[in-house]
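For reference, the structure is listed below as structure tokens.
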Amino acid sequence: MKLIIAAIKPFKLEEVREALTAIGVRGMMVTEIKGFGSQSGHTEIYRGAEYAVNFVPKVRLEIVVSDGLADQVVSTIQKTAKTDKIGDGKIFVLDVQHAVRVRTGETDDDAL
Amino acid sequence: MKLIIAAIKPFKLEEVREALTAIGVRGMMVTEIKGFGSQSGHTEIYRGAEYAVNFVPKVRLEIVVSDGLADQVVSTIQKTAKTDKIGDGKIFVLDVQHAVRVRTGETDDDAL
Amino acid sequence: MKLIIAAIKPFKLEEVREALTAIGVRGMMVTEIKGFGSQSGHTEIYRGAEYAVNFVPKVRLEIVVSDGLADQVVSTIQKTAKTDKIGDGKIFVLDVQHAVRVRTGETDDDAL
Amino acid sequence: MRVGQGEITDMTMNAKFAGNVKVAGLAALGASLVAGLPAWAQDAAGPIQNPTVEQMATMVDKGDTTWMLVSSALVLMMAIPALALFYGGLVRTKNMLSLLMQVFMIVSICAIMWVAVGYSLAFTAGSPYIGGLSKAMLAGVGTGTYGATFSNNVYIPEYAFVIFQMTFACITPALIIGAFAERIKFWPLMLFVIGWSLLSYYPIAHMVWFWAGPDFLVDFPTDMGLLWGMGALDFAGGTVVHINAGIAGLVGCLVIGPRVGFNKEPMPPHSLTMTMIGASLLWVGWFGFNAGSNLESNGITALAFLNTFIATAAATVSWCLVEQLRHGRPSLLGAVTGAVAGLVAITPACGFASPGGALVLGLIVSPICYIFVSTVKKMFKYDDSLDVFGVHCIGGIVGAIGTGIVADPSLGGQGWVD
Amino acid sequence: MRVGQGEITDMTMNAKFAGNVKVAGLAALGASLVAGLPAWAQDAAGPIQNPTVEQMATMVDKGDTTWMLVSSALVLMMAIPALALFYGGLVRTKNMLSLLMQVFMIVSICAIMWVAVGYSLAFTAGSPYIGGLSKAMLAGVGTGTYGATFSNNVYIPEYAFVIFQMTFACITPALIIGAFAERIKFWPLMLFVIGWSLLSYYPIAHMVWFWAGPDFLVDFPTDMGLLWGMGALDFAGGTVVHINAGIAGLVGCLVIGPRVGFNKEPMPPHSLTMTMIGASLLWVGWFGFNAGSNLESNGITALAFLNTFIATAAATVSWCLVEQLRHGRPSLLGAVTGAVAGLVAITPACGFASPGGALVLGLIVSPICYIFVSTVKKMFKYDDSLDVFGVHCIGGIVGAIGTGIVADPSLGGQGWVD
Amino acid sequence: MRVGQGEITDMTMNAKFAGNVKVAGLAALGASLVAGLPAWAQDAAGPIQNPTVEQMATMVDKGDTTWMLVSSALVLMMAIPALALFYGGLVRTKNMLSLLMQVFMIVSICAIMWVAVGYSLAFTAGSPYIGGLSKAMLAGVGTGTYGATFSNNVYIPEYAFVIFQMTFACITPALIIGAFAERIKFWPLMLFVIGWSLLSYYPIAHMVWFWAGPDFLVDFPTDMGLLWGMGALDFAGGTVVHINAGIAGLVGCLVIGPRVGFNKEPMPPHSLTMTMIGASLLWVGWFGFNAGSNLESNGITALAFLNTFIATAAATVSWCLVEQLRHGRPSLLGAVTGAVAGLVAITPACGFASPGGALVLGLIVSPICYIFVSTVKKMFKYDDSLDVFGVHCIGGIVGAIGTGIVADPSLGGQGWVD
């Protein structure tokens, strides 16, 4: 199995979720994060004092899928989340050794 | 070492933490996330307009443990977090190559 | 490539980010988490009822870098985030198999 | 209208809230020639007994009317948003919106009920225990009818009196829900509120607050309430509002049972900021509740205002001192809980006590309530989620007992004043 | 100053808001010997016609002045923070601060404009459609000039009238922005507000609210506004404020076009807690808006207050019932939206309806507004972000039509009263 | 009680706040026969000099009493929740609750102190620098004693005066804490507040605000304060409250030293929403502060209210314009900071300036304060966390200087009015 971690723009979340559901992804974990990258943040000014806000709000997805589905998930996210503007995000793929469904105790591919 | 990632129901957090402490886990990272899975969300209605809320609040644990402890951690989480209702969550196990304790610079199993 | 996960004290974030930028890190994901570890939490009292707050606010960094840079990143974080007080945090290193930049479709080291 | 058993004939009531008759321009002339002398001149001759509605029209001071309207707005603000935020901040995030919703709807439903039947059941003659339906839908109340105050020959527009009492009828049921917050369903709660208003609030308001007014006492000497005759003092509603609501809350939480997870999971307040906003606005609004209860704007009103201020401040400080002694540091929740306890305790006493008496009452109430919310609740294991019993009922009882003491003129109190 | 077409000579106005002349101590003596009899004595002789400013000075009741100042503070509170929070809670997190900023600045800019030109354009004689600039920068207004009320020989300090109307001029443009929230730029919005105040608000306020006052009607019989003559009733500004703002909002949102992502992404409210705080404070503040519009503090003021209370409560409940029927459960957003609809609907009627009429008006307005915000909006696909048209304009129209009905004395209404 | 050096004998004071004697029904008759003529008749004969307490009882208008009570409630609301939220939103999340707690407790402690000794030290005769302890625990103050206003033969219940001044004594120390927010410990702060009240606030209040009242000036001609004689004008407390608090804040922040991480880590405001709510309620409450300071409800009160409104609006706009010029866009924090600067600046001038003067004062104060909070603070590197010095002290000084100018009758000001 693979763990696919993706940082995307927040307003793309719903679209990506739908696209993934369409190709058979049945679950994911979503976290609101602050992203740092080439997309620059902005400056906030409080009573004349400037604060550089280097972080940009992003959404981070974690999806565990069977090896077979992984490539398709990556390309689906890449296509759906893309806006061609800087800051669209990244996708990373890691190896997962083991998976368990808490409710049933099913393991690995059955757990997904 | 292993990184154990678990998505569980929020109200189970305290119980799981206690159970893990009991078997010798000494640290973890906890994140509030939105989970998507077979447990369905709900519909919110604002002035007649319906919004499907597809995400369910979950808590995500990340625990790095020595290889020896990993199985016990997984089974402890699975047993403690279980409510037999849909949406109990998942546990994933990944390989960790290296660990460092910031304060001391100790590495790997010593760092945990 | 490596995924470096670090839990550090929140007020060190800006310093660490600067130090990493200086050694060539070009992106990261930042999450506010609750940390559990040897650093003890505190007790809150509400109308005479005591609540143990076992978690301490931490910030979690995720940085994917090429294999070559990984060690330097780890040591930079370790040095910068260190305060010599308990609760300084941990750094974990995992293997990443694949990386994609959403905007361009570039992969692996090019994606970072 | 502090006390009164309601032994009043319908005739009396027609005279008092002299309904129906509009005061049209010159029509009031005859009466005016009698009533038209400045107030001090009337004092010289003694107050006019049993004034007609035309005479009453000349006994209204716009300063009083303004004060009653302002006070009413303040008491509504106590319910929404103040009480809703005070309670809302104390529950878990997931229950915040439902709690806000409950308070908002209770206020709305009770407002409708008050106009429909509540005012009539509480403030018309009937049995000693409850009024009649002669003023249902405010029949007979108009822009030319007047309500009595505690001073001879001082009247306010009856609508203003209706409104002021309406805000009390709206906030009191909302107080109760803190006792079984986080576990009650919406519509059953609304039904409970309707039933409790009819069966508990209106009758008790009638028994404690209904009387003929000062200008009708001489000729209607039996128009003196049972509790009044017994010497019970309740300036602004310690009994009717706080003890009454506190008991309802306790019974409710016992009947409904504890929250799922009670004493197993932690259930800390989700936003003390909201609770602090709520407590602050409760404090501000309570001036309307307490000083407004004088029904006019004079020195006693100012005294009630000052006592409300000082007792609350004292109770805040004393709760913090208790926490300092017990836990080594005071807390924001302790401070605001003390403030509410002080507000509750001074409610029955605010027009009777001296500022010094109010100070002492405030200092005393916090430690007592503290024991109830921390120790007694733990001991008996009831799940009074937001301490309605421990703060409102116990604070109300401390206030009720304290009132008898601090009203004593030898302690600087006002004694029994009109 | 319910209606008035503004056919008033400058001379009349000088008499009415008898400007410029300070009432210096003994200087008023001559007039006082005439005017100095107590109010009831004047009633006997009929009210004084065309009083001089010295006479007016004796016709001021401090209870009225206090009421007008309190009402003004309440209406400012309706704008900031109440309306800002009500709207702010409904937008997405990222737009919260800009919305708060917009409301805060609109209030500030409109306050300056009101003093500079607004008051003069609305409340001096000029053309039938707009006043003149004779009181620009409040020239001629002073601590010794007075504004008329709806009662003969009852005056308030003109500054108090200026302030009260100022709060209306500040909140009305802020109402509009809900229709194109989340997509308008700051400075263009400010320019729009300035233009709309000059071209729409001041003229309409002049046409609907400017008249000579009751003491000048006899000798200036043509000083009766066109709309007044046509029998239009608008107690507290249903037309001037709500319908006017609602239409501006609709036009604005059509011109500007929908938000990026409209009907594609979900745009749920980001904090119903803030919206509930806002709605609650709107309710409290609206007492100043509606009951303050009587310009004095008497039984009619109390009636307007009560009607505001009861219509709002009724509309809250009826919106929740609609939701219960349609969706199986009521919502907090539904409750507070209903409350605002009720407040809007009762605004033109509050001083005319009986409490029963207000109750019915409240019950009716919610279902009608519900249809507009849920069905009609969807049907026509305009992006009225926060339902300014659906709630304020439609609610205002329901109120305007309802006023004609509930004011009928045979339905318990006040008819046409001064 | 604008100015006064306190050279007043105890006898005078007994006459003025004619304590102790309750006005019992007919007991006042003799006096009434003299005092009982309507106000205009007294004007003809000139005001009654040195009235007795029985005469004072006939010189109370309930409209004034209501206004003072409302104003007091508004000023308390300025402290809790308004100031607490204004400051609280500006600190980091972790310091929010402790800041709310500090404000809440300061209010409570200062309320107790005011009743215990503060009122007596500020408002009884003693030395020129501080009063005595004759009214400690409000001894001699009762429902039948009265406080003077600025008009001849106009009195308010002394309790109302006590309360109004009490709210000032509660909020002023709370203002200071913004200067050393995020680093002060709880109990040391409370000790500081107690000490500062005793050593700074009560004496300065005594020196600036204590005088004999207008009816006692003729026979007690030396009862004119040093600052008054020097022509200092301070309508609502620019000097006593804002400059005084601002200096205390600056000294405090220098003594305590900067926050850990100052100028190293960013410390942005954690919730501008809370800050905006706070600023809005400060604006609303400030009407009580400023217009309430007239101690009665008349045309000057309305003028003070209007000036408060317009100066604040102008300062809001001008701060935003400065930001637009300097940074290319205005900010919410800028708008609300400007509002507070405007409120501070108009405080001493509000009863003296014309609306035009208030407008100019508002436009001027923001750029000056802006320079202090952005440039001067950076230059001198002191850590005035929430800009108490830059906004309150500097704004107060601008207001104090401006007052002398805008009060000039040739600029439309009121001159020196009673």
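So that you can tell them apart, the chains are marked A, B, C, D, E and F in the order they are listed, and the count of residues begins at 1 in each.
Throughout what follows, contacts are C-beta pairs under 8 Å (C-beta built on N, C-alpha and C of every residue); 3 or more make two chains touch, one makes a residue touch a chain.
These numbers were taken from a predicted model, which means no experiment stands behind them.
Asker: When you check each chain against chain B and chain F, which touch both of them?
Answerer: Chains touching both chain B and chain F: A, C, D, E.
Asker: Can you check which chain pair, C-D or A-C, has more C-beta pairs in contact?
Answerer: By number of C-beta pairs in contact, A-C is the larger.
Asker: Counting only Cα atoms for the centres, state how far chain D is from chain F in Å.
Answerer: 31
Asker: Averaging over Cα atoms per chain, report the distance between chain A and chain B in Å.
Answerer: 17
Asker: Distance between chain B and chain E based on Cα centroids, please, to the nearest Å.
Answerer: Roughly 55 Å, centre to centre.
Asker: What are the residue numbers in chain B that touch two or more other chains?
Answerer: Within chain B, the residues that touch at least two other chains are 14, 31, 94-95.
Asker: Would you please write down the residue numbers of chain E that are in contact with two or more other chains?
Answerer: Correct list: 38, 61-64, 66, 70, 266, 331.
Asker: Taking the top-of-page definition of touch, could you list the pairs of chains it picks out?
Answerer: Final set of chain pairs in contact is A-B, A-C, A-E, A-F, B-C, B-D, B-E, C-D, C-F, D-E, D-F, E-F.
Asker: Which part of chain B faces chain E closely enough to touch in the complex?
Answerer: Interface residues on chain B, with respect to chain E: 44-49, 51-52.
Asker: Under the touch definition given earlier, write down the residues of chain F that touch chain A in their complex.
Answerer: 266, 268-269, 323, 326-327, 331, 333-334, 337, 370, 373-375, 378, 387
Asker: Which positions of chain E touch chain F when the two form their complex?
Answerer: 25-26, 28-29, 32, 35-36, 38, 58, 60-66, 68-70, 72-73, 76-77, 80-81, 84-85, 88, 96-98, 100-101, 104-105, 107-109, 111-112, 115, 137-138, 142-145, 157-160, 162-163, 166, 186, 274
Asker: Flag every residue of chain A that touches chain C in the complex, lowest number first.
Answerer: Contact set of chain A toward chain C: 2, 5-8, 31, 33-38, 54-55, 58, 60, 74, 77-78, 81-95.
Asker: In the complex, go through chain E and note every residue touching chain D.
Answerer: My answer: residues 38, 40-41, 43-44, 46, 61-64, 66-67, 70, 74, 272-273, 276-277, 279-281, 283-284, 287-288, 291, 296-303, 305-306, 309-310, 312-314, 316-317, 320, 329-332, 335-336, 339, 354-356, 359, 414.
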